[in-house]
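These are the structures in question, set out in turn.
Each of the two complexes below includes subunit A, the first together with subunit B, the second together with subunit C.
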Partner chain A sequence: MSQVFWFLRRLLVAVTTVFVVAAVNFLLLQLPEGDAVDVLASESGGASPEYVEQMKERFGLNEPLHIRLAMYLSRVAVLDFGHSFRYSADVADLVFSRLGPTLILMSAALILSVIIGVGLGILAGVKVNRLADTIISFAVVVGAAVPAFWLGLMLVVIFTINLGWLPSSGMETVAAFYTGYDRVTDVIYHMVLPVATLSVYYIALYARLMRASYLEQAGMDFAVTAVAKGLPNRRVVSHITRTAILPVMTMIGIQLGAMFGGSVVIEAVFGWPGLGTLIYEAIHARELNVVMGVFLISSILVVVANLFVDLVYSLVDPRIEVSK
Partner chain B sequence: MKLTATRLLRVGGPPLVFGTTLLCVVVAMALIGPIVYPGSPFSIVGDPLLPPGSSFPLGTDILGRDIAAGLVHGARASLFVGVVATLVAVIIGTCIGAVAGYAGGYTDALLMRLTEVFQTIPAFVFAILILAIFTPTISNVVITIAIISWPPVARLVRAEFLSLKQREFVLAATGLGFNRLHIIFREMLPNCLSPIIVMGSLMVATAILIESGLSFLGLSDPNVMSWGYMIGAGRSVLRSAWWVCTIPGIAVALSVLAINLLGQGINDVLNPRLRT
Partner chain C sequence: MTKLIDATCSRRTALKLALGGGVAFLVPWGLTSSALAADSPQSGGTMIFLVQPEPPSLALYASSSGPIEQIGTKIYEGLLEVDAKLQPAPGLASEYSIADDGLSATFKLRKGVKWHDGEPLTSADVQFSFMEVLKKLHPRASISLKNLVSVDTPDDATVVMKFSAATPYLARVLSGKDTPIVPKHLMAGKDLKNLDLANRPVGTGPYKFVEWRRGQFVLLEKNQDYWREGLPRPDRLVGRFIADAATRVAALENSEVHLAALGAIPAIEAKRLDALPYLNMSTEGYGSLSSISLLEFNTKVHPFDKKEVRQAVSHVIDREYIVQNIFQGFGTPAKSCLSSQFSAIGINPGDLPNYPRKQDLARAAELLDAAGLKPDASGIRAEVVHDIIPYGEEWRRLGEYIKQALEQVGIRVTLRYEDAATWTRRLYTEYDFQFSSTYHYHLIDPVLGAHRFFLSSSIKPGVPYVNVTRFSNEKVDKLLEQAMVELDREKRAGLYHEFQAIIADEMPSLHIHDMQFATVSNTVVMEHSTSGLGPYGPWYDLWIKAA
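Presenting the complex of A and B:
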């Protein structure tokens, strides 16, 4: 029962987060010189005086601040982020149309980095202070230091320009009009470089966390007992791994937002047609509406994903409410 | 445990020596560089896209600017942004964490919910939004990176304060009638400095990475040469002149590596029990 309350509390936090994000968005637009409409109009490359008047009317700029905030939040609640001049489309529609590719890229990178990262972390933990551990630990330090966008460009130099093995931009060969199975293969082919680039930093991160967590659990009484009573090595490792992986799972949840930020730069490098490329184009076109839309939608995305992690977590680990 | 140079070297071992040496090179580059390359790194000095080793040791970029000059001036920008943004973030985080941990109750709950919100949102996208609204001057970049980096510090300081609050010396200070500011800043804070120092040193590396990412996307001060900007500007000639992108990227990676190794070394000295 208390788990239900715990989850309801998390749900409340999630809703508050989205609310605060929207309010911060609103307040940011109040800070620069002039009002929101002036900013939006000038940033989008000029608008007619009639349009500015109409926007001012719509935003209710003569109302006091708290009324305007309420109006803004009620528009956000129905996903009304305004209009994009450059794309001549509704910002909400635009953002949602780009959501799919980003989700594909992120989930592929997430699965890859969790499997490889956790695996390397366990290996380093088992072989602590031996050659394998030294190599993995060194690779982890280097992997965490390399800027991902630069790594992406270097992979393009090697695998696209010099070797000609892999495509360097886009999500599919549009001109080829592939369908069905061919199309899937084509997309996977385009995914290799961006997914590998995005994964490197997170493989390093998860490997480091998993190694530390594994070593911590390996010193616990249950692990010592397992070794002492002569369990085969494989069983001992699986005992320790099962408890050691929990804190890593929490970190993966917390890191989702950061990973989304990372995918923005990677998408800009590889021209992956997702939210990252959209925000990159929007910065250069000075389309604040779009930037704000991407920020809001991605925040909601991360909050929902975190909520999902919490839900799974509370089902898997009954101790969760005790630690709260 | 006191943090001295000899202890640091003895405990840290080869990785720390390597990291420290590397960092010294980067710092020296930032300090001496402008003497060797006194002109603006934006000035056009030769033919565009000369390969390294010609009359310019690292070649020239797409407009004929000297890459070596850009590199040393970029070192200044990266270190400045990394260090100052981290200082600001540590100050914000420490204040929020200290108040939350010391006060407890509703203040604590409120501040921690705020921290959670800032930790959950996609920080990099938030930084993009702030810099897209305000002009990306170097001080705005510093403030923006600080705004997205403080939450882990706040959580750390709060946790430290929660455990310190129960200790006798704090109760004694309370009993002796010291005011709250004295207890927080003079009694409790000095006792949790070492984890803050460790976290701060590692945050400098992250801040440099964030700065390079932002300037790669074009969100950097147009009057300040930075490594990320150089990589971004060289992107379009990747096919014909790979070195324009490659060289500044190596500089970023080596600086971040150096700071991470140094931070890890400081951690090993200050928390010997946590060594693995």
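Presenting the complex of A and C:
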């Protein structure tokens, strides 16, 4: 019973968060100078005054601010993303068609960075102050410091231009018309560089966190007792890991939003057809319906992911009950 | 009746001769047509070209933005086309004639032309396109076809246009790029501003629209029923979108894409890529843009409200240096306020004052003294803010150069760089600027591309790319109005020469250089710039050489 309450309460908080984010986004987006019509007309290299006036009317830019905010929030309530005149398409179609590639990119990078990061962190923790630890710790500092766009371009120079092993950009080979298994292979082939670039920072982050957490737990009474009892090394490591991983999981939940932000850069560099490229274009075009659509979807994504992390918590560590 | 073009005239032969003889000689490093003439064209293959940035829609009939035109012109066609010498050539109309008074024009439509969905093209489509679509929705056609009052259709294959005043440039604005003919049967009776057709175009052109994957590519395939027998040659065209410039370069180097045009590749990289054995660079095919760079002054605020100050700036900047070092040698120093491309229609004013190729600081100082801008104790004559047009790195370099150059004569410059929407609003709505860099497309006739920057009637707050300097001169207004309807070539050129002389003296805007763009292409791509429209051409004669 208490679990149901917990879930409902969290859901309420989540929905409120999404609404507050939507309202703040809407107001923030009123700050930049210039609107969608300015951009459209200047892209066309000129327009008649009648044309400009006609477009402003059509885009609803002549309504006062509070009316537009109220209209927007009432549409958010029914998950109506609105229509984009610039793209001549419904915002929901635009956003959802781009959500898939971003999710593929992010989840691959997430899984990869958690597995490698946590693995390296444990290894460094077990071999603390030995050669393996030194190498890992050094690599982690470098990995966390390298800017993603630079790393991406360097990987392209090495693996695409010099070695010719991997494609430079895109999600699949255009006009190759692969289907089924071939298509999956093709997409994976295109994913290697962007996923690697996006993961490097997070591998470093999780490895560092995991190492610190592991060392902290290794000094705890339960760990010392386990060693004193003469448990095999493997069992000791697994005991410590289970408690040590909790802070890493918290971090994963928090970092999801940041990872989404990071994928904007990665998508631009690798021509990956995700939300990042869409929002970048849309901000410059002042196509606010699309920008707010992406913001809304990403805020929902982050909120849901955090809810999920909380649920996983209780599975990893039964001492934590969801009701508390 | 003044003009009649034979439909069967072999345009391609004429083109090859022209290109092989003249341009090939002038552009020694380019993809020259004379070298190609030896190879016989092959059919088949997929040509992948970069389009930058990704267009918002493919509604060519309602927009003149570059990326839409780059893709749309392969799908839609116009009554006429533009040949390599920027002269009109037959398109959907196999012949046409314009009445001597310029008040009517008759077009004979080609027989057997079909829309991509199989419906036949008729004069009703043409009438609908001009009267219901282009005049109402197209930002440029609504200006260029202002005098078009009616389009009559005596029969299915004949179109008669009626004008309220002569339109000397008519035949040059009827290409698929400027005035595409659209399918009435898919548009009539619908909300034209919100059509499915905007993203799934149906035209008569050499390529059919297949699919658009947003963020990735637009796929076009060969139109098997194209009215030019045996054409187009490639099976497929793919327009790819890659947001990052460095990645675009890598994709070309890795032969993942075959062609990049119109600034998709930064100028400095274009030269490097040209050195690779499998890549070529060409500057052909951009004549119809007549692109020119300039500084626009706010003539209503200090210090640029005095013409001597504006003239002084023109003597301070070194046009030659700018072309060579900032624009990597792409272009030539400007000699007047109109594009040098207009010498093709007889407009060539000769030497005008105030357009020195080199810097002349002494003359600049004289002019500033004359304007009453004396240096203060620390040598400063004035402090100004320079706005930089937010369309690429070169303009930032230009801004930095201008800052340094003007400080040599005691004008202290602060640079301001904002994003496109903010910059557009600042200049064209709020006039909250002193001077800004920019570039204009003068297009294929001054009426289409240049008049609106100088006419008093074009001072329109809120409308981008009009008379932002708010310069107003009765004589200029009169000359431009006359030139707009003057049919005699010599007289028309004379009017423009007089106009150019006034602007050279008043200098509300200071023209810097006639710009050139580069097309970088893989050596397998043949004949991509045989039309005067270059990357905006229909590409029906382009072909892919099997490796």
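What we mean here is this: the second predicted complex is superposed on the first by the 256 of 324 C-alpha atoms of A that agree within 3 Å, B and C clash if a C-alpha of one lies under 4 Å from a C-alpha of the other, contacts with A are read in each partner's own complex, and residues count from 1 in each chain.
Just so we're on the same page, a contact is a pair of C-beta atoms (placed from the backbone, for glycine too) under 8 Å apart; a residue touches a chain by one contact, two chains touch by 3 or more.
Worth saying up front: this structure is predicted, and the values here are computed from it rather than measured.
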Which superposed partner A:V20 touches (first subunit B, second subunit C, both, neither): first
Which of subunit B and subunit C A:P101 touches, first, second, both or neither: second
Which of subunit B and subunit C A:S298 touches, first, second, both or neither: first
First (subunit B), second (subunit C), both or neither touched by A:G271: second
Touched partner set for A:H284, first subunit B, second subunit C, both or neither: both
Touched partner set for A:R10, first subunit B, second subunit C, both or neither: neither
First, second, both or neither for A:A89, with subunit B first and subunit C second: second
Partner chain in contact with A:S169 - subunit B first, subunit C second, else both or neither: second
Touched partner set for A:H190, first subunit B, second subunit C, both or neither: neither
Shared contact residues on subunit A - subunit B and subunit C: 32, 39, 153, 156-157, 161, 268-269, 280, 284, 286
Complex interface listing, subunit C residues touching subunit A: 46, 48, 53-54, 56-57, 59, 63-66, 139-140, 142-143, 193-195, 198-199, 213-217, 219, 236, 238, 240-244, 246-247, 250-251, 253-254, 256, 418-426, 428-429, 441, 452, 460, 462-466
Residues of subunit A defined as touching subunit B within the complex: 13, 16-17, 20-21, 25, 28-29, 31-32, 39, 128, 141-142, 144-151, 153-154, 156-157, 161, 211-212, 215, 254, 257-258, 260-262, 264-265, 268-269, 279-280, 282-284, 286, 288, 291-292, 294-295, 298-299, 302-303, 306
In the complex with subunit A, residue positions of subunit B that touch it: 15, 113-114, 116-117, 119-130, 132-134, 205, 209, 212-213, 216-219, 228, 231, 235, 238-239, 242, 245-246, 249, 252-254, 256-257, 260-261, 264, 276
In the complex with subunit C, residue positions of subunit A that touch it: 32-35, 38-49, 51-52, 58, 83, 85-89, 94, 97-98, 101, 153, 156-157, 160-161, 164, 167-172, 174-175, 267-274, 277-278, 280-281, 284-287
